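See below for the structure under consideration.
Chain nomenclature is as follows: A, B, C and D, assigned in order of appearance, with residue numbering initiated at 1 for each chain independently.
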Amino acid sequence: MTEKQQAEVLPIIAGVDFRFKYPAGAYMSKCLHEMKENARFLGIQCPKCKAIWWPPQVVCSYCHSETGTNWVELGPRGTVINWVVVHIPAIDPRTGEVKATQPPAATIRLDGPEGRGANWLHFLEETDLDKIKKGMRVEAVFKPKEEREGQASDVMFFRTVEE
Amino acid sequence: MFYPKELEEVEPIWEEQPAAVSGSDIAYDVGRIGTKFFAELRDNKKILGIRCPVCNLVYVPPRLSCKNCFTELKEWVEVGDIGTLLTYTVVYVPGENQPFGPPYAIGLIQLDGADTGLMHVIGETDFEKLSVGMRLGAVFSEERDGSIRDIKYFKPL
Amino acid sequence: MARFGRRVAVVGVGLSHCDRSRSDVNKVELANESIRRCLDDAQLSMSDIEEVMVAEIDSLFGVGQSQMWYTDDIACYLKPGVKVETGGSVGGSACHSAVHHVAAGACDVALVTATSKGGGTREPIERFVAGARAQAAMTAGMHPIWDRWVFVGPLMLFAFMANDYLMRSGCTREAIAKCRVKAAKNAMKNPYGHLKRDITVEDVLNSPFIIWPLRLLEFCPISQGSAAMIFASEEKAKKITNKPVWVEDIVSAHSKQYWTDAMVPIDWGSQEAGAVALWKRNGITNPWKEIDVFEMYDPSSWAEVIWMEWMHLCGKGEAWKLVDRGATEIDGEFPINPSGGVVSTNPGVPSTTMRYVEAALQVRGDAGEHQVPREVKRAVGHGFGGTNWNTFILLSKDMP
Amino acid sequence: MARRVAIVAVAQTKYDDLSQTNWKYNWEELLYQSVKPVLEETGLTFTEDGTGIDASISCHDSIWAGSPFSAGKTDDVLGTHFRPGEKIDADGAMGVTEALCQIASGDFDIVIVGGVNIDSAAPRNKVENYCFDPFYQRLMGLDMTSAAALQAQRYMYRYGITREQCARVVVKSRRNAKNNPYAFATEDLTVEDVLRSKMLAYPITALEIKPMVDGSCTMILAEEEKAKRITDKPIWIKAVKNCYDGYYLGDRDLADCKSLEVAAQGAYQTAGITDPRKEIDVADIGAYFSYHELLWCEGLGFCGKGEGGKLLDSGATEMGGEIPINPSGGALAGSPYTVEGLARIAEAVLQLRGEAGARQVPEAKTALAHATLGACGQWQQVMILGKEI
């Protein structure tokens, strides 16, 4: 057989379009319900090392103690620790939808008891980079109650507040 | 009840999402060996195998490396489009990437001149009449785009 | 005596050609390419391999239980094997598995294979939004309900990291750009490098933001490629090669599932925990003086600079000054990433294996043009992946 | 192996279908249900000074979890934060082998291995289709069930195994599972029930495949000295060997299970076993499909080639028989993917400890735990466990 040049063969399309059901679990479900119903942030604090887990989880990552039901209320205000601005189109892996732009994302230390943790990655309302500062005070802005669906996105963004 | 009561009794929240975008509509490069195999199938309705000179085996589908002796394979051979059924099944439930709606039969067909079986669909057949050892011949698709489905199915001879 | 029950050495390494697209091969053929080179390097045949460790991230690369498909092409037919998945550090975790198996006496010769062959495309490759897709695919590794909707892949993590460092250390952007230029210079000397561009500090500083404050040139490319390594027991190693590279120690340090804390980022604790364990266990009091080459998994130049501090290679806030004065150049006091690093070549799965391969080559003195101009007695390879999982290997010329 | 290693504690959740409760637990919460009991039983904690658990291995098939780096979800409950970790992306039984090697190498003394899966969260046949190569096999619409059907057909053709014999495996499994508090499928079945259930891919019916369940299994392994201190019932791993067969189904004669033969012979040799049927007291084997048990018995050398059906008919594999197989009920009574092989090892440990309750095989001293993965049993692992060193 001659080794003649073959016409191109395109890559084979053989995708599998599968969707999974991702459970939030008991701890996160409780916290999401609290956000949905009462617009309240319910974190959990490690009874031993006092680390605050947001979202709440079954054991403390640091000392492996059970967190039990040591709930603590966090927020709704917090302090901006760090922030970034996405300049590229981002694909939402939940839907495959391309988000051309999105507001600045920030890590926010929610108000609450002393202890490491209680940080949340969320969006800021403020889009002017010059106005975003470390230590800036912000407050969570919830969707109207009837639009809340028990998701982290029930909080639309954090709004700058003067104190 | 493993967890505290208030947690065990909370109404569970779950969300359905795609597993990962990269896996959902991906195209896979066939490589130069696959290109030769699929192009020959598409352009000339020929099925190629590749021979290991050390083990003296003809592999269909062709591959780069002999799994027994790790020899890099280069010797292309044309195999027949007629072969013997090694095993088969009839699939009754719907699934992903099925070439036909269920029920349909698939089997491993050892083509004349090959030492391995090729996985493919068995068409134009009464499921009751299928039997291991029967002879089957390839039916090629009218429109071929360079994939294993350029063979439409194998039919009993 | 060594840390392990039996001594283990690297006796062979192999890398494939790396490029944005390797459409001339399919995934398993790509794995085969580096394995052939690795077997050649060790002058072994397939039958000498007793076990094969597969590194792969199935959800990113389009085939589930991929060890099954690999089997025929990775010299694993009718042999035992292990398959690990630890994100980007997986190529290192697989090496650790090989070291454990050899040291335990489960086998004498173990092969590690790591391959990345992301999805091809029917569109012209330059029109394909590969970057956004890759980030989205990795974002899928974040918590589906809590994190996926807000996260933009590891890119976002490194952007947070950069902003934090800018605020904290008073570093200049030029210093970080210099780190990127250093990587580019080294990659040009490396035949297995992917991005080989002669870039300047100005090029880096003028490149567009992808996620502010991270610029395009400060982040790694998407590559396709593979890497392989062979580990052997002392007895076998001495027979196979006259230049065995001894595994003095391996360390892994993983981290919790949510990344928010890491992005604060007060918390590069697993880099710190892993490195400190490595230094302490091996009596290294001053790594800057006692390690000759460091191959770090640097998806971004920022990571390289920041992690230098967290790995106790220098004091807090000092790394950028060291980089600025060229201390980490190939001929500097403490060469980091003479291979060009991940920021020049990032196939993902094999990236950590490539770090380990480079460390081994440097110890052997076989790195060619990118060999550091000094005697290399001890080298460290580092891997990073998943939700901040880290692996380290300490290789040495002298038998431990 | 350079050091002796024992399993010092095992725990499993009750295997159940979480979709019935709208998935009330997530991965870590499900896994923690088996992590907590082993920590409590041994009194061990996660430490860095060598007094407790040194390292963790998470077994988690990322395909079934539906995301990359999926093992991260188990990091917290397995105590991996800032500590050594390894993630096995295959059956949990491979994770136990990995832990064994980590300890035997001298790197660690005590290692925890955990595996978890929520099968019911994933569309099974789609996930399985994704496991086939995208060029030749995936586009034929294969899943593990239709691949298994090809193997079953070939096996029946070559050796005259009957569908009734295959169905009887399911009946036996469910009967044994009645005595297993962790099992899911325990209802009484007849051979007719099995054969008359919905045909999925001829000759495999809906009752001949493993049911869809969720759960987790965790165990702790330790080196000799520490094992003896931790428990008075350490179960020693005498040998383990795994093996891969070739990938393409058409390359193999599916009526054989070559990789299992290699794995079994390797394990027997290390453990000094010459007559497995006599020397092994109980075997828990990974049978995802009814015919698996018959074919695997041949590969394991419990009978000659083609005699799997006869072995079953003779009653030798029943409880009280010469070599009781799957007293737990095995996967056909319900084990999630990934956890499958771990659950087999857990059952072997319980049998050897004499803690298997109503399904206890009297005076079991040597047990075999088998695991398999991949289409038509491409990957096979055989582990021999013993009560005495």
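In this text, a residue touches a chain if its C-beta (ideal position, glycine included) is under 8 Å from a C-beta of that chain, and two chains touch if they have at least 3 such contacts.
This is a predicted model, so every value here is computed, not measured.
Participant: Show me the overlap between the contact partners of subunit B and those of subunit D.
Facilitator: A, C
Participant: Farthest from subunit D by Cα centre, which chain is it? Let me know.
Facilitator: Ranked by distance of C-alpha centres from subunit D, the top chain is A.
Participant: Does A-C or B-C have the larger number of C-beta pairs in contact?
Facilitator: Spelling it out, more C-beta pairs touch across A-C than across the other pair.
Participant: Taking the mean of the C-alpha atoms as each chain's centre, how many Å separate subunit A from subunit C?
Facilitator: Measuring from centre to centre gives 28 Å for this pair.
Participant: Averaged over CA atoms, how far is the centre of subunit B from the centre of subunit C? Could you give it in whole Å?
Facilitator: 35
Participant: Counting only Cα atoms for the centres, state how far subunit A is from subunit B in Å.
Facilitator: That gives a centre separation of 42 Å.
Participant: In whole angstrom, what separates the CA-based centres of subunit C and subunit D?
Facilitator: 33
Participant: If I count partner chains per residue in subunit D, which residues reach a count of at least 2?
Facilitator: 23-24, 28-29, 36, 66-68, 75-76, 81, 121-122, 126-127, 129-130, 134-135, 138-139, 246-248, 251
Participant: Hey, what residues on subunit B touch two or more of the other chains?
Facilitator: Within subunit B, residues 3, 8, 10-15, 17-21, 23, 26-30, 34, 67, 96-97, 147 contact more than one other chain.
Participant: Could you pull out the residues of subunit C that touch at least 2 other chains?
Facilitator: Touching at least two other chains: 23, 26, 59-60, 62, 71-72, 77, 119-122, 133, 136-137, 140, 144-145, 148, 255-256.
Participant: Draw the chains as dots and join the ones that touch; what shape do you get: line, ring, star, complete or other?
Facilitator: complete
Participant: Going by the contact rule set out above, which residues of subunit D touch subunit C in the complex?
Facilitator: Touch residues, subunit D against subunit C: 1-3, 28, 56, 60-63, 66-76, 80-90, 94, 97-98, 100-107, 127-128, 130-135, 241-248, 251, 258-259, 262-263, 266, 373-375, 378-379.
Participant: Using the touch rule from the top, collect the residues of subunit C that touch subunit A in their complex.
Facilitator: My answer: residues 23, 119-122, 129, 131-133, 135-137, 139-140, 144-152, 155-156, 159-160, 163-164, 167, 208-214, 255-256, 258-261, 263-266.
Participant: Along subunit A, where are the residues that touch subunit C in the complex?
Facilitator: So the residues of subunit A in touch with subunit C come to 10-11, 13, 20, 22, 24, 28, 32, 54-55, 57, 61, 81-94, 98, 105, 107, 109, 116-117, 119-123, 129, 134, 151-153.
Participant: Can you list the residues on subunit C that touch subunit D in the complex?
Facilitator: Listed in rising order, the residues of subunit C that touch subunit D are 3-6, 26, 56-60, 62-65, 67-72, 76-87, 93, 96-97, 99-106, 137-138, 140-144, 250-257, 269-270, 272-273, 385-387, 389.
Participant: What does subunit C use to touch subunit B in their complex?
Facilitator: It comes out as residues 21-29, 32, 36, 39, 45-46, 59-62, 71-73, 75, 77, 117-122, 133-134, 136-137, 140, 144-145, 148.
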